[in-house]
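Here it is, the structure in full.
Labels run A, B, C, D, E and F following the written order; every chain starts at residue 1.
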Amino acid sequence: MGVSGPKLSRLFLPDCTWSPGLTEILQLNLLSPITLAFALGILARIVRSEFSLPKDVYAGLGIYLLFALGLKGGVELAKVPLGGIMLPLLVTLLLGCIRPLTSYVVLRRLARFGPVDSAGIAAHYGSVSAVTFIAALTFLDGVGEDVEGYLPTLLALLESPGIHIALAIGALKSSDRSQPMGEVLHEVLTGRTMVLLVGGLVVGYVMAPGTWEQVELFYDGAIFKGALCLFLLEMGVVAGERLSDLKRTGLKLLVFGVGMAVVHGVLGVAAGLAAGLSIGGATVLGAMSASASYIAAPPAVRMTLPEANPTLSLTASLAITFPFNIVLGIPLYYQIALWLS
Amino acid sequence: MGVSGPKLSRLFLPDCTWSPGLTEILQLNLLSPITLAFALGILARIVRSEFSLPKDVYAGLGIYLLFALGLKGGVELAKVPLGGIMLPLLVTLLLGCIRPLTSYVVLRRLARFGPVDSAGIAAHYGSVSAVTFIAALTFLDGVGEDVEGYLPTLLALLESPGIHIALAIGALKSSDRSQPMGEVLHEVLTGRTMVLLVGGLVVGYVMAPGTWEQVELFYDGAIFKGALCLFLLEMGVVAGERLSDLKRTGLKLLVFGVGMAVVHGVLGVAAGLAAGLSIGGATVLGAMSASASYIAAPPAVRMTLPEANPTLSLTASLAITFPFNIVLGIPLYYQIALWLS
Amino acid sequence: MGVSGPKLSRLFLPDCTWSPGLTEILQLNLLSPITLAFALGILARIVRSEFSLPKDVYAGLGIYLLFALGLKGGVELAKVPLGGIMLPLLVTLLLGCIRPLTSYVVLRRLARFGPVDSAGIAAHYGSVSAVTFIAALTFLDGVGEDVEGYLPTLLALLESPGIHIALAIGALKSSDRSQPMGEVLHEVLTGRTMVLLVGGLVVGYVMAPGTWEQVELFYDGAIFKGALCLFLLEMGVVAGERLSDLKRTGLKLLVFGVGMAVVHGVLGVAAGLAAGLSIGGATVLGAMSASASYIAAPPAVRMTLPEANPTLSLTASLAITFPFNIVLGIPLYYQIALWLS
Amino acid sequence: MDTHDLILVTIIAEPVLEDRLTREIMDRGATGYTITEVRGRGTRGIRTGDIPGQSIRIETLVTVDVADALLDRAAEAWFPHYAVVAWASPVRVIRGDKF
Amino acid sequence: MDTHDLILVTIIAEPVLEDRLTREIMDRGATGYTITEVRGRGTRGIRTGDIPGQSIRIETLVTVDVADALLDRAAEAWFPHYAVVAWASPVRVIRGDKF
Amino acid sequence: MDTHDLILVTIIAEPVLEDRLTREIMDRGATGYTITEVRGRGTRGIRTGDIPGQSIRIETLVTVDVADALLDRAAEAWFPHYAVVAWASPVRVIRGDKF
């Protein structure tokens, strides 16, 4: 299998500059079960199939994936000295503060959206998509690249700051601040992602030695990846449902959704390498940074900035940035990580 | 274990005519976890238990089973030369066209149902039950008989033609054609089975090499079979719920449901052997051919032939033919395949 | 791993009185994934998170766990001579008859609850919690203690008698007997637990040899334990929701919930050892005996004794006795079994 | 179009009562009912199950006489001990002869 | 506060009819509708699916004229063969100009 | 049987509003409410979540005064920016003293 090429090439062929081309990696990513399942979901919508996963099953799969991610991350976190991850944590926090600002400025100045819509969209791009994170892990596993096991900790850290920074900007610009910020802060900090990801991290971290092995098969490997395929099948349906909105929201949103992802992706990769992450780790941080929220951000924005048009932000994060990252972005950030390192 | 007898007997004992009797095979099938789970579900209804699987969990299991079937079939399909399966495909398509006609004629002439009811029931018996197909695979696995891995392709092909042929007959006979046929065609061709089974076949077919192994544990083996048991438990409940209708629908429906299954089953086995399928493959084609739809056909019939009594068709396919095939039919078709080959 | 100490100590060090202290065992139990998942669920409620498992997923997990328990129990039951389990069965039946009486007397005389409320609560403490049973099995597996495989049979036997005895007492004391007892008897005897646990026992018992192995991975080991963690996460949420009721229901209910558990737990351990169960088996019988129902009993009580305050019984069984058993009770009963044996 | 004036009786009740209520509804002369799963909050806050606040909402189209009989029965048998809320409103029904 | 008197039309129907009914509702001039998943029992007991008794409940706020058109259509096209029940009741709506 | 005439206020709203709406309903004097998960279509087509069209339907039985206060509040605070529809209808309630 030429697939494990990249890693092997660096280990055994130090003098050789060969590495699998972007095309090769792209193809591998395009033909992975999760990309294909996602594409199948989109296709089902395009042919106007009524197929969709039952709401509760979709929610249940999401809960399982997040909790599994947290548990695994916690188990790995327990193995590294906490000092060693301070720099990655710091860098991630910085990304969490910078990304809503870059998004807002680009939306306002370059794309010329109104101030409230800009803040609303920026809240999505200041946060993060856990599924993009998982897809990046799966991709790197596929190309045989190792990653730091504690990365879910960074994911947890990146989720909320960006939402609050963007909402604060929006609140200054909006006449009608509907919901006291305190409530929204509480809602985001006690949301599903926080309970499952942060909770899972803590559980995994403190679990008695030897107990992870008892449940590992359920939370990792083939079962995790198989469940992820089903989840992405439905995400394809959900994203496909928004494709029709693309026409209404226009080209500039499309350009923003892809451009912002690439800019934030490169930023994330560079920051990761600077903080001493491995190539795999930096790729994952890049993918995280390039991603946009579609679970935590939407209700928070809806409650605080009711004037913002939710169709804009959801279409951008779910129908543009998410598919872009899954299909093209992740291999791209990997390639950039290889180049930069 | 005498269980693996049939296959061994043919491999190692060419001169010996011994093979496990029908009784032995029947007993093995009766005491398989899936038959027992199905029986438990029926029993729960008989004692008027309120137990049932939550709607969404039942739907979720069904989706998982179909998608797993598609994926596996696709992975196997990629291994055989397409030329080699043309004959089985052709034979299956023929079965898809003949079965609605035989069903209609038998219902109309022998059982003397009205034309619209006959067409409605024929649409069910022209299509196929995926669970019966899976049960046949599991049975053959239990007796140690190999089957062609690409069989799910035949299942996908057999689902829809029969429905449309029967509905076309019904539309000619009915005064009140409620729904334009085009819509119904669309609905069936984009239904759950098509998305998951055909979609899964394609995904499995094009998946990058080595990626199936990453998810195989989730989609095959013990997890697939274990999930199937839970699914059949609920199918037992659903079928059990219709047992009370049997009294109202009368003996002739019972005779039809069993007789049609046997006739179509023998037809399927013979067609399979003629097309060069293995004994296992012919048995599965027999089981498919003997089965009747209870998922795709009912809404299609309801929409196009509102005058047809849905109790008749659902009772026949779900409370008569399905249990018959699961408990007696599949071992019978296997025995017939052994005899005919 | 010092974890497997207890068993090893008894096998290899017969002259040595060392055994892991209660503290060591307690710590192991506290840091097990299921206790931690339960604690996470409670914590989520305490911080007023809106997180909870979808209703259908929670129900689905419960069904899976019960059915898995039944199947495994049945497979094991088939391996032991029926004569050998008569004594454990008898002792369990006795516990089923005594526990509602002790509960009623303690509630009436010591805690001074009204007669109808006492009967209502006693119905809960006369029945049993399957999750407590499973947690005990998992705990013993963790400390490396063997248990009799047929224990689920005892669980099935312990569920209903206690409910009916307590309800009969209540019916005598209540002016308004709303529901004919026959209906309630039917409802309990055909309830979810009965279908899945007793049904699973029978299926597992009669299954053809070799078929259990085909589904074992799905119903046992890491998948069972992993699913149990998710289930306990939600049970934590549900129990946490009732914590606020604790203030209203008062200290005496708290004392009852813990005290009754310990008394019944010791009774169960002693009875188990007397009936010849292993230390592990006696611990599990103790945990069963110490537990209180929160699934089968509540609707039965609500229908027959509408005057009884359901907040009292559910808070006691779900927010007091259940967490006590999971966190402290099970290790305690184990310690007691070690002492008594 | 042939319409009839009937009464729509709506009952919110604890799920354990489903069997009894529907039986009594049919016994008193209704020809059918429709059930919705709902959740809610009231003055009692009675919680009967591991999912608090879950209730059922039963709607039945009935004649005035049946409505009176149902509400009488509700007031007498169900309200004293159960978390039940019920109301009636006049509606115009097609296929009214069926009820 | 600006209120309008409108008609609330409620239809209980078999799930297979969802697409057709909502299309016809919008075609006849409604500005929206709300759907609830329900289950129930009636005189026909027609069972179309593996989950018997499952139905949908469609509510739509419409003007009197649209209500009449809808109920006429129901009486003529849906009732003869399908398990459909429908009723209308007067309600007071805010944002009534929207409908 | 002791009945009272009350107003049933029904509100269809985006799920994110649940906490706020129920709090405001109780604050304005209602004694309870019932919530149903629904889906639907209207003129705005606002989609707030990964499951578009999902809404909640809140019913609350209140006195005429409370109904007026609720609808006023709705018109003023919720309608401008949110996908909310509300209507009121008179009903007859048993246990009416409770509300």
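Of note:
By definition in this document, a residue touches a chain if its C-beta (ideal position, glycine included) is under 8 Å from a C-beta of that chain, and two chains touch if they have at least 3 such contacts.
Predicted model only: the values in this text are computed from it and were never measured.
Between the contact lists of chain B and chain C, the overlap consists of A.
Taken together, chain A and chain E share the touching chains B, F. With centres defined by CA atoms alone, the chain at the far end from chain E is C.
Centroid distances from chain D, each centroid being the mean of CA atoms, peak for A. Put simply, the C-alpha centre of chain A and that of chain F have 37 angstrom between them. Mean C-alpha positions place chain D and chain F at a centre distance of 20 Å. The distance from the centre of chain A to the centre of chain B, with each centre set as the mean of the Cα atoms, comes to 41 Å. Contact with two or more other chains is made by residues 54-57, 60, 223 of chain A. Along chain E, residues 36, 89 each make contact with two or more other chains.
Taken together, the chains touch in the following pairs: A-B, A-C, A-F, B-C, B-E, C-D, D-E, D-F, E-F. Note for the complex: chain F touches chain D at residues 1-3, 6, 8, 22, 26, 31-36, 61, 89-95, 98. Put simply, chain E touches chain D in their complex at residues 10, 12, 36-43, 55, 57, 68, 71-72, 74-75, 79, 85-89.
Touching chain A in their complex are the following residues of chain B: 54-57, 59-60, 63-64, 67, 71, 186-187, 190-192, 194-196, 199-200, 202-203, 206-212, 214-219, 223. Remark: chain C residues 55, 176, 178-179, 238, 241-242, 294-295, 298-299, 302-303, 306-307, 310-311, 314, 318 touch chain D in the complex.
Chain A contributes residues 1, 3, 27-28, 31-33, 36-37, 40, 43-44, 47-51, 53-57, 60, 141-142, 221-223, 225-227, 229-230, 233 to its touches with chain B in the complex.
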